[in-house]
Amino acid sequence: MAENTDKMVIDGVELTGIWKEFLPSRILYEDVTTEFLDEVKKLPGGSTIVRCYQCGTCSGGCTLPDFVDKFNPRRFIDLVRRGHYDILVNENKDLVWKCVSCQRCTHRCPRGVNTQEVVRAIAKFLEDRKVFGKLTNDEAFDEIFMEEVIEDGRIDEVKIVKDFYSKTGRLKEMMSADQLSLGFKMLTSGRIKLFGGKIKDWKKVSQRLKEELQ
Amino acid sequence: MKTVLVIGGGVTGLKAASELAGMGYNVSLVEKEDYLGGQVAKHKYYKLAPDLRLAGDVLDPVIKAVESNPNIKVQKHSQIIAVSGGAPEFKAKIKNSKGESEETFGAIVVATGFGHFDPTVKQEYGYGRFKDVVTNAEVEEMLNPNGPTKGELKRPSDGNIPKKIAIFQCVGSRDRQVGNPYCCRVGCVVSTKQAIEIKEKYPDSEVYVYYMDMRMFGRGWEELYGKAMEDYEVIFTRGRGAEVTLKNQQLSLRAEETIMDRPIQHSVDMIILAAGMSAGEGTIDAAKVLGIKQNDYGFLSPKDDFLSPNESSKPGIFIAGADKGPMDIENCIVEGAAVAAKVAGSLKN
Amino acid sequence: MSYEINDVKTGINHAKGMNYHAHDIRAEMKKLEEEGEIKIGRIIGPYKEEEVMYGIKKKVPLDMHYQHKSCGQCANLPGVPRSNFYYRDKLGIKYYNDMQQTSCTAWNYHASGLGNLVQLASVAARNWHRAYEEGYNFTIHCVTSFGNYLEMRHLLVGNKELRDSVKKVLAKLGRELVIPEEIVHDSEIAYALRDKILAAADPKRLEGIKGLRAVEHYGCHFFKQVSDDIIGGKRPIVVGGLASHLGVQMEEYSKWFMCCGFGFRHILVNREFTRSAQNIKLKAIKQEVDPDMILVNCTGCGTTFDKTQWIQKAVGEDYHYPVVFYSQLAALALGAHPFKEAGLNFHVTPVEPLLDKMGIAYN
Amino acid sequence: MSEENKNPVTEKIESAKGGHFYKEIMKDFRIKESLHGCLNCGTCVANCPAAAFYDYSPREVCQMIIEGDEETIEEYMKGKIWNCAQCYSCKYRCPKENSAADIVMAMREIAVREGLAAEALAGYTRIAKLVLTRGNQLAPDMLSPDAFPDWGPRMIELSSKKMEMREELFEGFPGMNVVDRAWAAEDYTIYEMQKIWEESGALEKVGTVFPFLVDIVQDDMEDKKDEMEAKIQEKKEKLEASKK
Amino acid sequence: MKIGYFPGCSLKGMARAYDESTKIVAQEFGIDLMEIEDFNCCGALEVKGSNEKLSYMLPARVMDSAKGRFHVDAVVTPCNGCYHSLLRANSAMNENAAAKGDVISFLKDVGYGTYEGDMDVRHFLELFYNEIGPEKVKSAVKKPLKGLKVASYYGCLYERPKTITMTGYKSKRDDSENPYFQDELLKATGAEVVEFHASASCCGGAHALQDESLAATLSAAVLSSAKEAGADMLVLPCPLCGAALDIKQPEIIKAHGEKAKLPVVYFTQLIGLSIGKNPKELKLSDPISNPMEVLKSKGLA
């Protein structure tokens, strides 16, 4: 218990520190609400969340618990299904974007939950609710990627890295000596094309894709 | 031609009787109630899992097959009070409102079935104290259009339709405390089926199932479970209901959400207890009268569980259906047919 | 929701039909006695039979009470042992207040893990032997001791190794292993004596008690530690049963089952837990019932309820439910002076408003 | 996989069951009665007051003993088992008739013996001393306002007047009005208590946490030994005689 | 059999070596690859997480163009990511009528054909194993890679998830939990394939930019376990894993030390080398992790 030094006087009795402390309850009182579930269901990749029967195959084979403490897809799904939004935000928001999309969960899920996409949808759901306080790297990257794909049809690796660093305010990092020497090596070996090829009839496609997004 | 005595007019007994009669035997069917159909009829089971087929669709043909067969003599409101002799000649004393009579039989089929577990013992669930805590059998009656509420699920306390309903699994099953460490085998599917029926009838309602494991081993059961989750948004919580209390005139339950390692406190309008199967009174009486072996829980023990599943511990006395242990209707009917074959075989020899 | 004791009791009758029987400790004790393993300290004088779980009857001795006192009560709530003596005096029951009694040491054991089973069982057996050698029936004031002695009896009967170790220790003290025929808590006795108490009660006092609304709380070690030897089956009824017999209207609240937060060690070193648990209980009591008093039978719970109401002010809540022990209620009904004889002035949560309501003078 | 990348979860599963603490716990005969396999149903947690406030779970306690992982057990003995309020709600309602509370108690005993309980027993000296030197666990003296400021102003008032109040209450009840112990347990009684602790090995265990207490008790016993042993001898003879 | 070749964005950029070595090997073994010109990005993870419909439309355009303009029966891609995206679009079109409708109307709007979701999508590794196979490789080997110990690494999306990789498959697919196609091919070149338990674990590449330290930790775990297993180099069939394990390797070494230092090459490069192709042609000098040094020391380059 954290040291608590503030004072409180009740009926003339002075109480300091733990003498007046109470513990927060861990009991869940809320009803299950499907509000959040319905929202996640509508997001890209989120529809299969309803199939989950909490067997734990996903978290059992997950890559991440080796490296990220408490990463647990089953729990994310459970929290959304039961509508425990506060716990999801307070205890799990820093975890959901950690998924590396290795697809082991989806691969093995006996109920056909597209777990990887569901976890991503949950991350997206939190993103939409602006719980991260800032644009996350992942969201920024997604945005740039989408933009570039729609605009040019293809990804230019240098451009996307540059745009990403600039969008997340890390352009300086990109200009570090290491990165520059790496870039130089790539450039001289012809692996960076400064002027990427254009797709012939992309304009029309691009227009149509933009319509789709509106 | 020898006559076969069938004790019990539930689905198992009915099936056994009609099969035997079909093979040309004379059958005497003794039922202690004044109706046929056993627990299915008693609690007005409405629909059957997993196809949500009307129980009547299944029961009526079985009853009809018995009632229309001239080789079967049905004696309702009757009980066997004593049996003497042995295979192949039993003398049974049958008692009914008219008095006692004695008949001779070549073989006896015991199909006395099960009883619904009485949840009053589980004091923490408040059955009997809180009106809105009901059993799954009572819900069957309510959901049946011919039942007391004409098919409406109504709170016994005020007659209103509940909005939030919790179903507790494993009431009186898998529980050493009440002496039933076995699995009731049908609670899971019946609860799932009822949850679907409720959601279908009242789409605005919320149905919560508190379970330890969903044991969906029967034909189409697991699929039904999936349907309940996906199509009906029944909420399944992995945690056994621990207690029910009344908080400001509303039922309040405690459980653990074991996936999250946290206790839950939840207020609901109605709680359905999925009361398991225990040995029926008829089974316990029959065991006493016939002197056949029972297992630790009062159900009848076959001579050999694997090799002679339909023979009792005594020659010439056969057992079938839910008096041997928890069983669903589908399998009870199979048992009825199986025991008929076994009886016919034994009478030929 | 007020309730009838009979509602609660139905569970016992049903329990008779249960398939599995918990082992019948009385039969086992008899068997051990025949084998010469133990001695049974049989009930002396009249007794009344009350039903416990599995339809087994528990004999409640009605006279010759060895008073196994509670250290917590004597130190903290001395009105409780005083009331226990008082109602016996009034009913003409002979009792023995032994200065050679020790604490059961179970509080210390459960809180700290200091001590061990042999020590705990030896202390129990020593105190049992005290009652036996003085020729009295062993009765217990404290719920912690009660639960502990039930458990020690259970362990001693079931485990030869422990039994032998304890016998060895006892031999060094010049004592032998005598297990009382019945381990009875004082509240069970008061319940068994309810008719006598009602008959001997002061009609004016009964007038004051009538219509009081109360909730009850039982010590966890009273009914959860060893749960098949409690009058009334699994859910205890003795305090509410006695009180409603005297005219108190017993009320049900949703948190009746929950632990008071005493926690053995928490009350000493982690009182933030005690306060928080109390907060849940008191909140439920206030919202659902708002009774005139909280009836208890347990030293620890009595202390916790009494001492932890005031601090709830730290979270902006104000509770003032007098905490009354079953025996203090009985003593008051029998005409005791609330302070000089029932010791209610030792309670921290003011009892004066309750006494005013009951029309009992206290100054 | 390299050292620092080792998975804490799979490591646990891989680690062998049956370390020292596990074996010690399994020696306690209560465990057999307290664990009949676990359904993971959560009935215990639902009712557990400690689980309502702490990251503690009786279900986990049972699972831990079933799995028998040494590291987890040690961690628990140092920390989480001390959260249990010993209310036995878990035992009361477990459909498998398990008793996490009893398992916790066995573990507490072992934790003390193995020296894992120093932190948990800080602040416990007074009680331990009282038990061993007075024959009972509590005394009116202990309820000093400085140790219980959260019991409010009335408690402070009470503790200043307790002598007069007790005198009034216990008039005619000799031995009840003392303040350094709950009742005036006789010296002989205290000696018997001390002897039980010594003979049962419990005193030795106290020594692992409070070594000075053992000295106090032994000195105390030594002082009155002759007189008390004589009394015990008398008792022994009486018992022998009664047997014949 | 005419096969459309869909290299994807990476192979036209940083994974040039993979593109060129694939073409060389294909030609050498008589696989007729027809590059689908004017291809677009498959959509990858980012589109799939942002917009469901787009994640079907983009791959569908590629497959429609393969079918309608290049008249091929199958599309092969050497990239795990593209492979996944294409298969995923097919699977959605086959299972979800609405998705199929969306795609068809999109293709119509932009003047393309009527793709039905029926293209046979193949991974180059799988294609090479099935159509050529270890035996043919063995007999074509001119310069056996004797003494070279390799760790065969597959990455995630090559055989995962089975719900997608098993969609409408016509050829034999790799074992989804214990892939072995690449192992067999490498053995045929004369190299020794070490026992390597991380062969199907994740390199963390998805986070290469967004969460660099996590990505580096995962990559380090793969690299170091290959190194511990005694491998001289790591061989893989995916440009994205290549980017994470090779191009990012200097950063990984910085964070996790020398235990993560290991040359990384594409399987096509090694097959090319074994059949006597010039290392330069195969762009074996491209990888940042410098495989040339090891190859030289073993006398293989």
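First chain written, first letter: the chains are A, B, C, D and E, and each begins at residue 1.
Just so we're on the same page, contacts are C-beta pairs under 8 Å (C-beta built on N, C-alpha and C of every residue); 3 or more make two chains touch, one makes a residue touch a chain.
All of these numbers come straight from a predicted model, not from anything done at the bench.
A.B. asks: Going chain by chain, each one touching the next, work out the least steps from subunit A to subunit C.
C.D. replies: Minimum step count, subunit A to subunit C: 1.
A.B. asks: Taking mean CA positions as centres, which chain lies farthest from subunit B?
C.D. replies: It is E.
A.B. asks: Between what two chains do the most C-beta pairs come into contact?
C.D. replies: Greatest number of C-beta pairs in contact occurs for C-D.
A.B. asks: Farthest chain from subunit C, going by mean C-alpha coordinates, please.
C.D. replies: Farthest from subunit C by mean C-alpha position: E.
A.B. asks: How many angstrom between the C-alpha centroids of subunit D and subunit C?
C.D. replies: Those two chain centres are 20 Å apart.
A.B. asks: Between subunit B and subunit D, what distance separates the C-alpha centroids? Give it in angstrom.
C.D. replies: Comparing mean C-alpha positions, subunit D is 49 Å from subunit B.
A.B. asks: Could you give the separation in Å between the centres of subunit C and subunit E, each centre being the mean of its C-alpha atoms?
C.D. replies: Centre separation, subunit C to subunit E: 75 Å.
A.B. asks: Could you state the distance in Å from the CA-based centre of subunit D to that of subunit E?
C.D. replies: Subunit D and subunit E have C-alpha centres separated by 64 Å.
A.B. asks: Which residue numbers or ranges of subunit C touch two or more of the other chains?
C.D. replies: Where subunit C meets two or more other chains at a single residue, that happens at 234, 257, 271, 273, 275-276, 280, 310-311, 314.
A.B. asks: Please set out, as single numbers or ranges, the residues of subunit B touching at least two other chains.
C.D. replies: Those would be 124, 176, 238, 243, 257, 262-264.
A.B. asks: Which residues does subunit E have that touch at least 2 chains other than itself?
C.D. replies: Subunit E, residues with two or more chain partners: 217, 221.
A.B. asks: If you look only at subunit C, which of its residues touch subunit A in the complex?
C.D. replies: 271-273, 275-276, 279-280, 310-311, 313-315
A.B. asks: Okay, in this complex, where on subunit D does subunit B touch?
C.D. replies: 36, 39-48, 51-52, 55, 57, 59-60, 93-97
A.B. asks: In the complex formed with subunit E, which residues of subunit A make contact?
C.D. replies: Its residues touching subunit E are 44-45, 63, 66-68, 97-104, 106-108, 112, 114, 116-117, 120-121, 124, 136-138, 140-143, 145-146, 149, 153-158, 161, 164, 178, 182, 185-186, 189-193, 197, 199-202, 204-205, 208-209, 212-213.
A.B. asks: Mind listing the subunit C positions that touch subunit B in their complex?
C.D. replies: On the subunit C side, the touching residues are 1, 3, 7-8, 10-11, 14-15, 17-21, 233-235, 252-257, 284, 287-288.
A.B. asks: State the interface residues of subunit B toward subunit A in the complex, per the touch definition above.
C.D. replies: Counting only subunit B, the residues touching subunit A are 164, 206, 208, 214, 225-226, 229-230, 233, 235-238, 257, 259-260, 262-267.
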